[in-house]
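To keep things clear, I will list the structure first and then write my remarks on it.
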Amino acid sequence: MTAEELRRRLESFRRGELPAEDLVADIRAEPFEDLGFAKPDHARELRQGVAETVYGESKEPGEIAAIVERLRSRTGRPVIVTRVSREKAEALLSLVPGMRYDPASRLATAGERPEPDGAGTIVVATGGTSDAGVAEEAAQTAEMLGNRVVRVYDVGVAGLERLLSHVREFQSAAVVIAVAGMEGALATVIGGLVPCPVIAVPTSVGYGASFNGLAALLSMLNSCAGGVCAVNIDNGFGAAVAASRINHPEARR
Amino acid sequence: MTAEELRRRLESFRRGELPAEDLVADIRAEPFEDLGFAKPDHARELRQGVAETVYGESKEPGEIAAIVERLRSRTGRPVIVTRVSREKAEALLSLVPGMRYDPASRLATAGERPEPDGAGTIVVATGGTSDAGVAEEAAQTAEMLGNRVVRVYDVGVAGLERLLSHVREFQSAAVVIAVAGMEGALATVIGGLVPCPVIAVPTSVGYGASFNGLAALLSMLNSCAGGVCAVNIDNGFGAAVAASRINHPEARR
Amino acid sequence: MTAEELRRRLESFRRGELPAEDLVADIRAEPFEDLGFAKPDHARELRQGVAETVYGESKEPGEIAAIVERLRSRTGRPVIVTRVSREKAEALLSLVPGMRYDPASRLATAGERPEPDGAGTIVVATGGTSDAGVAEEAAQTAEMLGNRVVRVYDVGVAGLERLLSHVREFQSAAVVIAVAGMEGALATVIGGLVPCPVIAVPTSVGYGASFNGLAALLSMLNSCAGGVCAVNIDNGFGAAVAASRINHPEARR
Amino acid sequence: MTAEELRRRLESFRRGELPAEDLVADIRAEPFEDLGFAKPDHARELRQGVAETVYGESKEPGEIAAIVERLRSRTGRPVIVTRVSREKAEALLSLVPGMRYDPASRLATAGERPEPDGAGTIVVATGGTSDAGVAEEAAQTAEMLGNRVVRVYDVGVAGLERLLSHVREFQSAAVVIAVAGMEGALATVIGGLVPCPVIAVPTSVGYGASFNGLAALLSMLNSCAGGVCAVNIDNGFGAAVAASRINHPEARR
Amino acid sequence: MTAEELRRRLESFRRGELPAEDLVADIRAEPFEDLGFAKPDHARELRQGVAETVYGESKEPGEIAAIVERLRSRTGRPVIVTRVSREKAEALLSLVPGMRYDPASRLATAGERPEPDGAGTIVVATGGTSDAGVAEEAAQTAEMLGNRVVRVYDVGVAGLERLLSHVREFQSAAVVIAVAGMEGALATVIGGLVPCPVIAVPTSVGYGASFNGLAALLSMLNSCAGGVCAVNIDNGFGAAVAASRINHPEARR
Amino acid sequence: MTAEELRRRLESFRRGELPAEDLVADIRAEPFEDLGFAKPDHARELRQGVAETVYGESKEPGEIAAIVERLRSRTGRPVIVTRVSREKAEALLSLVPGMRYDPASRLATAGERPEPDGAGTIVVATGGTSDAGVAEEAAQTAEMLGNRVVRVYDVGVAGLERLLSHVREFQSAAVVIAVAGMEGALATVIGGLVPCPVIAVPTSVGYGASFNGLAALLSMLNSCAGGVCAVNIDNGFGAAVAASRINHPEARR
Amino acid sequence: MTAEELRRRLESFRRGELPAEDLVADIRAEPFEDLGFAKPDHARELRQGVAETVYGESKEPGEIAAIVERLRSRTGRPVIVTRVSREKAEALLSLVPGMRYDPASRLATAGERPEPDGAGTIVVATGGTSDAGVAEEAAQTAEMLGNRVVRVYDVGVAGLERLLSHVREFQSAAVVIAVAGMEGALATVIGGLVPCPVIAVPTSVGYGASFNGLAALLSMLNSCAGGVCAVNIDNGFGAAVAASRINHPEARR
Amino acid sequence: MTAEELRRRLESFRRGELPAEDLVADIRAEPFEDLGFAKPDHARELRQGVAETVYGESKEPGEIAAIVERLRSRTGRPVIVTRVSREKAEALLSLVPGMRYDPASRLATAGERPEPDGAGTIVVATGGTSDAGVAEEAAQTAEMLGNRVVRVYDVGVAGLERLLSHVREFQSAAVVIAVAGMEGALATVIGGLVPCPVIAVPTSVGYGASFNGLAALLSMLNSCAGGVCAVNIDNGFGAAVAASRINHPEARR
């Protein structure tokens, strides 16, 4: 059931054309089915876009494989599995023929990457080379959700000239995802340069008083630039989902 | 210099039609002028929308008045001053004729509220009545930045039926601003119900282990719903700026 | 000495029928005996129910085996050992014939699971599949303490429809144990749906600003729903003991 | 609509006797009505017991008065307002004739205290005289919710003989609420003495490394006694609601 | 005893020309004398420069006055008293004729400001107007310690063009003191632009997740620019002393 | 140079019988000699008792061996090396013939354990069996420093009867070292039972909200019992040194 | 009942001469009596020395007066009330004739200061003049508990020569109480200079990253000097009780 | 482009002799070139001194090798790679002939160590032998940047005589880098002894309440000695860069 379909049904219900029982039954029947250990959520597409997503961190390869295949067979959409270690990926790929794995982003995917259909471009920027893993999680997720992505990496604010040589890319973005560890100032500086929203992703890159990303997170939350908001430390995936929602405004009308 | 003008000049510069000196001179001449104690930033409009904004927390009424009048006389746009206490507001309104003050949101404004020109509607939701001050800061700022705003207050997740009776408003929003203190679960529940981005604003409402909003902030950052990102504790203003950027996609093409 | 016996002796002592020395001697003789490295506490049954429990985390297999056998031979009751790693379990099972081990819950048990004799049902709910280990520690402990348990897993609040399809189970529970990591909102939402007490168990599932369960813990402590109280992060065992005490009200009259 | 009534309707619905629309309509019509600034929640009774409760901390006297009167006129039940300062109470009592105020507990109440109808006794214990305010909030709330309460104050564990002289009261309780600041050890010691559940309430009493109750809270969460769970710092009210739910097991059958 | 004198005596001692007793006696006699409640430290000049300094926060006006007069009469040097509130200043100025007070920096001073004798210029920069108090404490202290100071205020990194229009001042500095609250990115950006050392001063300006300056402090400690080091939150005084030591290299040869 | 010798020399110096040079030379010659990588401190005996101590955590076996042998050959006293892992111990024992290693306490020692010469008995108590490692570090260090030690293990406050059956040992102690993790209440309860000082040692035993011993540490610092002071988490060694100083009052007259 | 009396009775009981009932009755009868709001604890003398103590922070003047008079009339001993504000002291002194108040230490006392009967001298040292309040709480409490006290104030380690000029006092102490805020290094430096135990008292003096004494507390807990243990921030009273117990070794034989 | 060259060009630009385009082009062309995964920054020399530096922590050996060779071939200067593990070093040295590796400091270097050309001497001091790794990172970096370095190790403040025997070295330094873990008091004590700036480096040496260096960091930030500033935990490299800038004042005129 697409968002459009749901909206139509709700409208029917409101006009009195669709009995409440039917509506409730439809919604209950639709969203998920029970695999015993997990409830893959088909209705989530309604909320997150063209691809299904599975959080892979604490699931066994067998569990992931079962969920992926059920989602594929039922919806036919591409599936993204996040936070898959190299070891887990090996097991997973042997279980699900046709899956692909990217060690930098730790994403495993099934199905084709869709054509971009977003309103504009998502720019993914990083402060340093060490932030590239999280940035790739964001960039590739955004691509799987139907967005055109431009990568601008290693432009930390301690060398302003690097950042400034990319002002054009930043200013033509629909959304910027700013990925940075250590002091996390990248988001604020970009926030001051662009008219679009900026999603800040703190990373756990750093040591000592970076406290595994806490310093970058606090820095980003305290940004004095307008239009900056933050997601969890190392959460490239979440930033991509939010950016994709911003970049698909027609999906919510 | 509007965003459009700047973009045109940068384009001329790139085609070699505008000498670098001229470009630099333009930019330097434009953005701000020195009042001694502060540099009001006319260029900021380029990045934040139709109104100028002043952070009022730690400025004296006289300083604020000077900045407001300079901004008004130079740009003619409305001006929003945030975090103005009741006492400061009295002094300020006596210095700047025509300013208005709203004690709930602690906003002082000069100039007319513009007609809404955003793509859709911004829904501002709160968990409890105590979150209303921060929510009003968000709602009124968003209105001053040219957005239509719908308020859905006091729909905390401990009484789900209240929240669910507003699903329609949530699902037709272009952006939702979810304002909540205590355990901050509102953002996650809404994030699971809507296809649009959700900006979560933790508030300092609560006591004990709320640690002045830290609990709500952490809760929101750990949201397992897609499309949720967060701003600083009690930062209704920042949420509104980000939401307005999302709601004005044409501004960045 | 059962709780009933103790109460009777205290009563005799109060009526002057039992000399103080005897009472003191009884209590001193009863509760524990010295194994050199640990004092297994037979009197604990009085306070925790029909099974003996041993905290296995930092004990050697040999130590655990000695304690288990002493408890078994003396009381005849079932014994639960918590937080037993897979490696430790192998050593332990070779030392104590007849013990069983469940890797999901990390519980090792000796003796038969008793027939449920509690007043009602304990519902154990989880937000995601990753919380299942802690939930099983709670569920199986509760079963060993004589409770009927219903499991409702993977019903996180980012997909409300899953949770709502189980409202019936929740509303007929004597106690709900709500197990969730990340933002921990599950406890609050359930707390608003049921008339019974809710014991919230934060888990260390998550990353970044979850701070190993701190975010979920704070969220649960700040719950704005009535009747919610919390135990330590990942403490499924403690939640089960509390729930079992609630579900055995006759034990304390 | 009482819990019993709701259960009956859900049963009718399940047997097909009650159309879904009617059920939904009933529930939606019931729970709350809009006062503009707040939605008093009549359905909450279903979940919290015989009295209505209002969180008074950040509400104006006029707001509280309006909510109280609406609740009273609609349900006829007693109303408890929590965290009312002395100043606010004066304004409130002048607005709502017949309200009473207790400065120790900071509770304002309207309506008669109901006859105790709980299964047993709730014992409220404190570590020191400074914890009495929080303890009274717990004790008086519990009484308003229909429980018999026994107070055992100033029995901190640094003077064990005081605590031990009350073992009898503790051991005959249905629930113990243990209120303590500073090192918070009271809950653990009581948890080891009784067969019933113990709800630990950390208080902000203390200074320095008590960090406004954090030390007591952590201590209570780490209790090595079984059956102990905790609520937020200074949350006597929440402890009472949980205790009352435990003490009214018939309410949930 | 100046640094030069002390060095000469230590040299004599090392050559065997000055008996150890004499050296010890000299040092012991020199440094301080007892006022009962405090030991003003005449030897500190040796380490901090041409002016004496008194930490005024927790001292009574009478105490401060006694210390100032003793220092003045004994050394003839100027005296700086830090963290003097407006109320305390009034009492102090009435006790010590000729003292001056600056409410912005909260510094009270006695004696003439010395001629600058440092090697170069100290630039004091701030991110916003709210940081001006701490910046003035730094700037005026540095001037009292014999340094030429250039102020570059309100050049936060959310508006890069302001900062960049001052590159020349920054690049010709001997030391930069970068004062900023909120996300504290100023120090990193300046650190990347200049060849001199940068002393970062986090300020408590901000709210919510700024945690009274903690966010800015962590940000500065994690700076990925070289040559940046930090002092305590709001410690403009300490930054000035360090900067002055850097700017007076001849003092330590 | 023993404490007694030093005292005598200082006295001579004060009477003018010993020239300052000689005194300074004596002290400088005495305390340490340079091994390149470390400066073993012979004078430390003066301050810590009859045995030398070496912190083994971050030193290589070769380094430790060199220090131990130098100390042995120079002072003839026993040597204690703390925090020696099992692997490091093997290497160390092969390098220094005659050393002994105890895996429970992670102490390696050289030389004979001295006869107890303290004023009374040091009681070392633990809350649980998991605290035994830290307790043994304390107990064995105390023995090496010349104290008679009584061990009372596994007497946590959740089972008061165990603790109370040892009241006699506690009340006859010269000092009690209370070792406990989790909620750390042991120190407070003992502090209320004894007239002697109590040194509290928090341990990192626990999980979740124990935060590696932080909960126990805070609990102990907030103890409402008199005479309780605390050392660092897991610092059994430091507790033993403090206890030994207390138990050797004649050493400081 | 003095400690000596209690010991004698316990001995009788052990020899079978005193029935258990009598012993229990004696102990129960002795220690406290109920004032309704508080249980003054006469038995505490047994554990804390010759004076009774009352924590005055959160008690009303009338409550304190009632407790003080009961203690005085029953035991005849001096009474110390801690943390009494100037306002509370005025009310208290008007209620209890003969009480004295010292604003520096915030102690109110009744009864004569006893003759010193401790084994040696307690030295109370402070890092700065701002620590004097906490130091006086420690010093005067120690004097009321029968100790001779030497004050060595304002000897912070940033000016080592001040500290070293008092080495003699330090080295002849039975215990040193080291009171310091900010970086709290005083305890470590003294700990390295003396053979006696050192009780470190962190104070909340400081600002910014002192976090109200946390920095000093952590510093003291991490002291690399032997024999140092710590009490809570600003807890001069607790340090004095511990020091007095150390200085009265005969009390525990 | 050296700093001198840049300064000359900026001067030409200011005199109108160099067109703005040329200047911008020069700067843009100069600073970095794109290797795909990283942008080695040739302009950084301008700001950090004679050697190039690469942060090695999260880079693969192949990446590091490519960056090192590009930097070497382009600038001819020495290159320092920081935080290289022993394993990574092996791979790296096989890829880049002529590199050297020092396991203590974890630095890999290419090119000759330059002759010292700083104004004075940098003294690197440590509190204990465990701090030597961080200290060597600082010392060797400083040497590679053209500074003369004196090492004074293992002079912790718990044994003041060791520290004092090096006063001469400290007092003749141009800068002191004070490296210490645990309580971190070294920086304050040295700060009180010298007239030059002190850069404090907290280390993660310690356990328990050292919280991986947090205690030392806070201690250093709260130093009551003038002229002390701090860098991140374990950041020997950053301290060396700052110290080298201080020691090369001519570089910035």
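Just so it is clear, A, B, C, D, E, F, G and H label the chains in written order, and each chain counts residues from 1 on its own.
In the analysis below, contacts are C-beta pairs under 8 Å (C-beta built on N, C-alpha and C of every residue); 3 or more make two chains touch, one makes a residue touch a chain.
The shown structure was predicted, so the numbers you read here are calculated from the model rather than taken from an experiment.
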Problem set entry | More contacts between chains, B-D or E-H | E-H
Seminar exercise, completed: So the chain most remote from chain C by C-alpha centre is E
Problem set entry | Averaged-CA centre spacing for the pair chain G and chain C, given as whole angstrom | 42
Seminar exercise, completed: Per the C-alpha means, the centres of chain D and chain G lie apart by a whole-Å value of 38
For this session: Report, in whole Å, the distance between the mean C-alpha point of chain B and the mean C-alpha point of chain G.
Result: 54
Problem set entry | Overlap residues in chain E, where contacts from two or more other chains coincide | 44, 55, 128, 159, 191-193, 208-210, 214, 217, 221-226, 232-233
Problem set entry | chain E-touching residues of chain G, taken from the complex the two chains share | 128-130, 132, 153-155, 159, 161-162, 165, 205, 207-210
Seminar exercise, completed: Per the touch rule, the chain C residues reaching chain D in their complex are 3, 7, 10, 44, 46-48, 53, 55, 119-120, 168, 171-174, 191-197, 199, 217, 221-223, 225-233, 238-239, 241-242, 245-246, 249, 251-253
Seminar exercise, completed: As the complex stands, chain B meets chain C at residues 127-128, 156-160, 164, 182-185, 188-189, 191-193, 206, 208-211, 214-216, 218-226
Exercise. Along chain B, where are the residues that touch chain E in the complex?
Worked result: 27-28, 31-32, 37-39, 41, 43-44, 55, 57-59, 63, 202, 204, 212-214, 217, 232-235
